[in-house]
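Think of it as A, B and C in the order they're written, each chain with its own count starting at 1.
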């Protein structure tokens, strides 16, 4: 690990210690596919996940939460309304909103949903794969379903432009992860291509970003630290996983035990 | 294992044999996060799970089921209506209703939902963590999301009062599990703190209670036996699990193979 | 492996190579329980899963997909409408529709849903367990929940009749899997009884059928190849799995690494 990544890792461990001591409540309105692994990943790092989407309670659930994660993976009109209501409550409470635009660009419905969430909730952090970030930036249909067809490098300019326009920190997951506020760009060289073969791994990243944003008010730092722990845990777990089944399990175990000795193994 | 627990374990194995021979159908109306591990846990002990929530079919599904498990983890108004309809059908058919008040006290919506289910469905067994049982008892908001902030010991008086008021057997999951009908109190000293780091483990307990209640008409015994197998399987699995990822897997395997040799390992 | 199965396995590996090179988008409108393992299984074989059920977007999602998998495991009226709309779009686009009639016969609601999907979507392939296929054929309530109470052998005549009536290839999962177009019958002798103890394994079969149907225009061949890879991967994984927890994981790993060396191990 180079000097810069090592310095970042030290900061990350400090945030991780805060997550473990505070056990912040992370309110997720997310998709059916990723709910279970997302909740387990949050528990693995020491956060306390809650999944709740009824429009009658989302504002009250936000009122006791430390961050809000919105994910449109299996979006419907009624869930959209709950996300907007939760987002408005989070804005008033001034807790971070993390937005995961799953499948942005794949359908007009998703594009419209993304724009509405960005406009009304003004998320603190937007995390997607390259295709999604590029689609969000130019509002054109470029994605194929929910898996990226572009490299993260190709999406970096789009990420910067999106960050400047929305005032959100933008994260691109990929072979290299990029985290930018539109001017500064952090990059994370860790991870494994096998991670893209575990469903909901991107969604899990967004939830972990939510955990770090709950304890670190600097959104660029929080998102960077979250992607760093994801990348290191995923890369190490992939080294001894036979397939995507065992990777899903081993990845959680790595998060669960993550400490300075984990970093020394990279 | 002391004499009392050993005697209980013998009774539990007898119920487990019945579950495996009868494969009772357990009808679950539960939350999105826990559906998959809950179904796998029921299959692991030999029961036959069905998840069905459409209001058009819940009464007919109840008519072929041996117990009904209601869980409000990701409750909405329409799912609430289905739970009530299913509960009313279960009352007519006289099959046990197990109620899991996930996040009771976290929002008014959940508190109202809990009271409505208790009033209209009169569940045979209520299982929650300490915070949830305390919130159910005094109708005050005390919980932080869905994870308990109180110890099971602290909730025992609340559990007794709740049991006397609702005529349900009340189960508190925690470091020690308590099972009470308001007068008699059984306690289970097994388990592992790691279990709380696997999402849906409490929901799984409620489903396993449903399986035992399907074959044992004594609700106090059924709930005690269910918590006993949960505690032993979880404690043993935790001993060789590296984190919450592998615990989720190993726990199911322990349930799958559970027999007298399993008990000898505790 | 006998000569016929060996010849089939060679054809299957050829389809598998196509799936891995093309990564076809498989659009699933499926149940909450099976979404996560289904998506992971599709990723394991190299396909790209998308789960999307909003009526506003299903037709557009179909327009970029290579096959459509409809599964009524946790069906509701609104999801039913989305399935019909997606099915109609798939018919126009002429992509294969795979239908999984989970719990057919358990309730009138499911029987009506099945008939409506068969009538309006005219699926290319119908895959169910023996009870479900028999219930579909004679429209009588014979199932107990979602687990089969009949052997696949007993359902073969029903499968043939259903295939002739609906012009769909019909697949019965069981100890022996049967795949028929009403005249020709292929059988797969692989698999393990442990597979029925992993929730959503049948649903996963249907999704894998969707992946093979996306690359092979011969529906009888596609369905046969899908059941062959399911049976071999499941049988091999069961040999070293301690319970249904580890089988779920090991099964995915087998799919992930599946090649001619996998076949040599059977």
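Here is the rule we use: contacts are C-beta pairs under 8 Å (C-beta built on N, C-alpha and C of every residue); 3 or more make two chains touch, one makes a residue touch a chain.
A quick note: this is a predicted structure, and the numbers were derived from the prediction, not measured.
With touch defined as above, tell me whether chain A and chain C contact each other through largely the same residue numbers, more than half shared, or through different ones.
Different-residue interface.
What rotation angle superposes the Cα atoms of chain A onto chain B, in degrees to the nearest 5?
It is a rotation of 120 degrees, to the nearest 5.
Go ahead and note the Å separation of the Cα centroids belonging to chain A and chain C.
Centres of chain A and chain C (C-alpha means) sit 32 Å apart.
At least two partner chains per residue is the criterion; list those residues in chain A.
32, 36, 248-249 - these are the residues of chain A that touch more than one other chain.
For chain A, which residues count as touching chain B in their complex?
Interface residues on chain A, with respect to chain B: 23, 25, 27, 32, 35-36, 39-40, 43-44, 48-54, 56-57, 60-61, 64-65, 248-257.
Name, in rising order, each residue of chain C that touches chain B in their complex.
31-34, 36-37, 73-77, 103, 106-110, 144-147, 196-200, 241-246, 248-249
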